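The two complexes that follow have chain A in common; it is paired with chain B in the first and with chain C in the second.
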Partner chain A sequence: MSFDVSVILGALPAILSGLQITLGIWLASTAMGAVLGFVVAALRHFGPQPLALALRLAVEVLRGTPFLVQIFLLYFGGPFIGLSLDPVPAGLLGLSLYAAAYFSEIVRAGFAAVPRGHVEAAQCVGLSQAQIVRRILVPEMTMLVLPQAVNMAVILLKETAVLSIIAVPEATATISAIGSQQYAFVEALFLLAVIYWGLVEACGRAGQALECRLSKFRFA
Partner chain B sequence: MTPRLFELMLKAAGTTVVISVASIGIGLLIGILVCAARLSPRPWLRWPAGLFVSFFRGVPLLVQLLLIYNLLPAIGLTVPSVVAALIGLSLCTAAYQAENLRGGFTSVPRGLLEAADMVGLSPWQQFRRIRAPIALRLTVPALVNEAILILKASSLISVVGVIELTRTAQNLAASTYEPLLFYAVAGGLYLAINWLVAAGGSLAERALRRGRLA
Partner chain C sequence: MTLPSSAIAIRGLCKSYGKAEVLHDIDLEIARGATTCLIGPSGSGKSTLLRCIAFLEEATRGTILINGQPLGFEEQPDGKRVRVPAHQIRRVRSGIGMVFQQFNLWPHMTALGNVTEALVTVNGLSRAEAEARGMAQLRRVGLEARARHYPSELSGGQQQRVAIARALALEPKILLFDEPTASLDPELTGEVLNVMRDLGADGMTMVVVTHEIGFAATVGRRIVFLDHGRVLLNGTPGELFAAPRHPRLTQFLETYLDRGAAMLLKPA
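Let's turn to the complex of A and B:
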């Protein structure tokens, strides 16, 4: 087995463009998933019964099936119900929905973990329902769910690799394509593994640093 | 969908279950070894085990599978794709299970070990009678969770050419031109299997709680 570094250096621009798409899709779907997850958790808590039930079912389905099957259903099944998407938007939508399901559970657990006494105290001093949500529930919940949210972001970063299967030109797709063009699979895949490894470790460290920085706001 | 095609899907679901169970089992064995190495006082054992866990948890499973699938022939080992898939899934779950076990072992209450010391149990007796049973019991929920994750993750081995549930759905979707139907059925089968695993897991947890000491 030979290990040829020039394969990697020669294809640097393509590798960088793949990485850019990976990072873009990852950040966008994490942000959209977090916002949508928050909305789903709120609707499940405050919304009408039938809606809450439907959302619960959707969350169960998204969490109980492989992401690959979801993305196949969306990308190959979508056109049959009038939803023809290109690979990148399909990947973005699929990953955001998948993320939203997990984030909604994280947020739900976070709200449940805010001490009742804090809410009661806020009611006693005359805060309105909206004020309680904005000033008590959301800040306390954010601190409580931070570790799981960072963990979820890491899972999503790794999940973006699956999008290469529906031909999204992200890091896995571009770098393994370079490997097959130059017949240097092992070099290319090693590079890919190291890139993801570095990103995941960096993301984990950043999460820990963020927790440290924000720990002074922790009061629950 | 004709009954014959549904039968094909069910058979493929069986393959998914067999491969997942096998990799969970192999992964548990490797995970126990890695966990032992990580908790060892010797740095030359602890350090590589930490690297193993970090790598297999830090790289997407798809990339691991592609790497193993291409690496084995490159070093002169020609194995069927099922074997490459099993190696990949087992190593990946081993890293996660080693971490779960480590969490179990480090949460065994100190007081129990001190008490065991006081009544004169040897280190091996302490391990066999106190540490291992309590740590394993603490790890069961995480193990069930991991089983569900691996069942879902096993869909990725379709990419290296193993004919399991997702690959079968893909083949049938392509040949019948009915992707919505076949992917939905595949999703439904995954849901059903996961539901069974979760139900079995909560039964096991209840049984363990009945016989619990700590």
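Let's turn to the complex of A and C:
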């Protein structure tokens, strides 16, 4: 028995299709999670009390349980409440909700970290509450949470692998299946590790470059 | 309509945080076109009083008139205190500019962006017109050349001058300063105090909370000495600082010898 990754690479088209699905689900759920997380944070801050409480509970449940369990429940438990989803939509929905819970906390902390004086300065020159949110709070918050948001995106990328258990044909499912067929399971997992690490590294670099470009906006 | 003689008239102002009353029954007239300096020990309520005038805090009782117009609350003939409509609050407030100890510039906007923000967002000026006005204000504080810099690229003194330009952009009749030089290195306080001196010479009505006793004594037309949430003394620098001096003031000045108080205390 020898260690030979080329056995796996023979199935390149299948690998690329798996990668494509991984990337697609990752980017879509990160984007939806960020938008939804922002809405949740805003509703928890400005919305009516009962809604804020309900959202808080939802966020805490999503943050307090393993993603593996959540996705199992959504996929296999969903049909009991009339929610029968195919693997890919289920994965997309599950990961987006999971992401939203974490993003909402990041955004909430970001809003809280904007110095009170910056808001008071805006009040003093006559900006309305809505204008303050749009012109001051959102841009400053975005700047503040950028590092955590990139970090969260990296975590989500790795969580996409969990979707293999509900048969989403993403990279982990595809490549490990090829590995089993070719009797090269270790090689398959090795290749997977290299791919994920490469993506995480690229994501981190992109985040750093972005932070660097925005550094002149940093708090004085 | 003739303007009332005082730019700010404060009547029976009380302010409590929870059960603790920090301003007790303040009566104060702030003269138009002059610089009034608010001094007093730490915790005496200087910032709270200034923030009430800026309507960043709502007083618990009493009224404030800005050029004769009620700010926030109005006393009815029967003595009942009622809130004035929001649009009126905004209009009266727009005549007041505020400068903070921590500058509070918006970090994601350039110096010019900070100055023009309200002109565009609130007053609806075109960007070109707002920038022309903004540049004029930056010129006034000597920072035309720094217009395109972000706050993080400016020194503390420059940031505070931008903050002053920002407050001036809406052409307020009254400028409030809360310890504008307290978070600056000593060598940078001069440039900010000079800008304030110039504004005072131009006839701007200014209320300045400051620990710069030297500045207060030379630029302040009136000095208000606050102690334990009350106006203890109110007069010209000559009246307040010349002997015989109130013992509380002497005690206070002795802690500020390095801020220009030494020259006031030395025997003539």
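The rule is simple: the second predicted complex is superposed on the first by the 216 of 220 C-alpha atoms of A that agree within 3 Å, B and C clash if a C-alpha of one lies under 4 Å from a C-alpha of the other, contacts with A are read in each partner's own complex, and residues count from 1 in each chain.
Here is the rule we go by: a residue touches a chain if its C-beta (ideal position, glycine included) is under 8 Å from a C-beta of that chain, and two chains touch if they have at least 3 such contacts.
The shown structure was predicted, so the numbers you read here are calculated from the model rather than taken from an experiment.
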Partner chain(s) touched by A:S176 [first = chain B, second = chain C, both, neither]: first
Check whether A:F217 is in contact with chain B, with chain C, with both or with neither, and answer first, second, both or neither. second
Using the touch definition from the top, say if A:V69 reaches chain B (first), chain C (second), both or neither. first
In the overlaid three-chain picture, which partner chain does A:G117 touch, first (chain B) or second (chain C), both, or neither? second
When the two structures are overlaid on chain A, which partner does A:Q131 contact: first (chain B), second (chain C), both, or neither? second
Please indicate which partner A:P139 is in contact with in the superposed arrangement: first for chain B, second for chain C, both, or neither. second
On the superposed three-chain arrangement, identify whether chain B or chain C touches more chain A residues. B
What residues on chain B touch chain A, complex-wise? 54-55, 57-64, 66-67, 70-71, 74-75, 148, 152-156, 158-159, 166, 169-170, 173, 179-180, 183-184, 186-187, 190-191, 194-195
Can you tell me which positions in chain C touch chain A when the two form their complex? 54, 56, 90, 93-94, 96-98, 100, 102-108, 117-118, 121-122, 150-154, 159, 163, 166-167, 169-170
With touch defined as at the start, can you tell me which chain A residues reach chain B in the complex? 1, 60-61, 64-70, 72-73, 76-77, 80-81, 158-162, 164-165, 172, 176, 179, 185-186, 189-190, 192-193, 196-197, 200-201
The residues of chain A that touch chain C in their complex are 115, 117-118, 120-128, 131, 135-136, 139-140, 143, 215-220
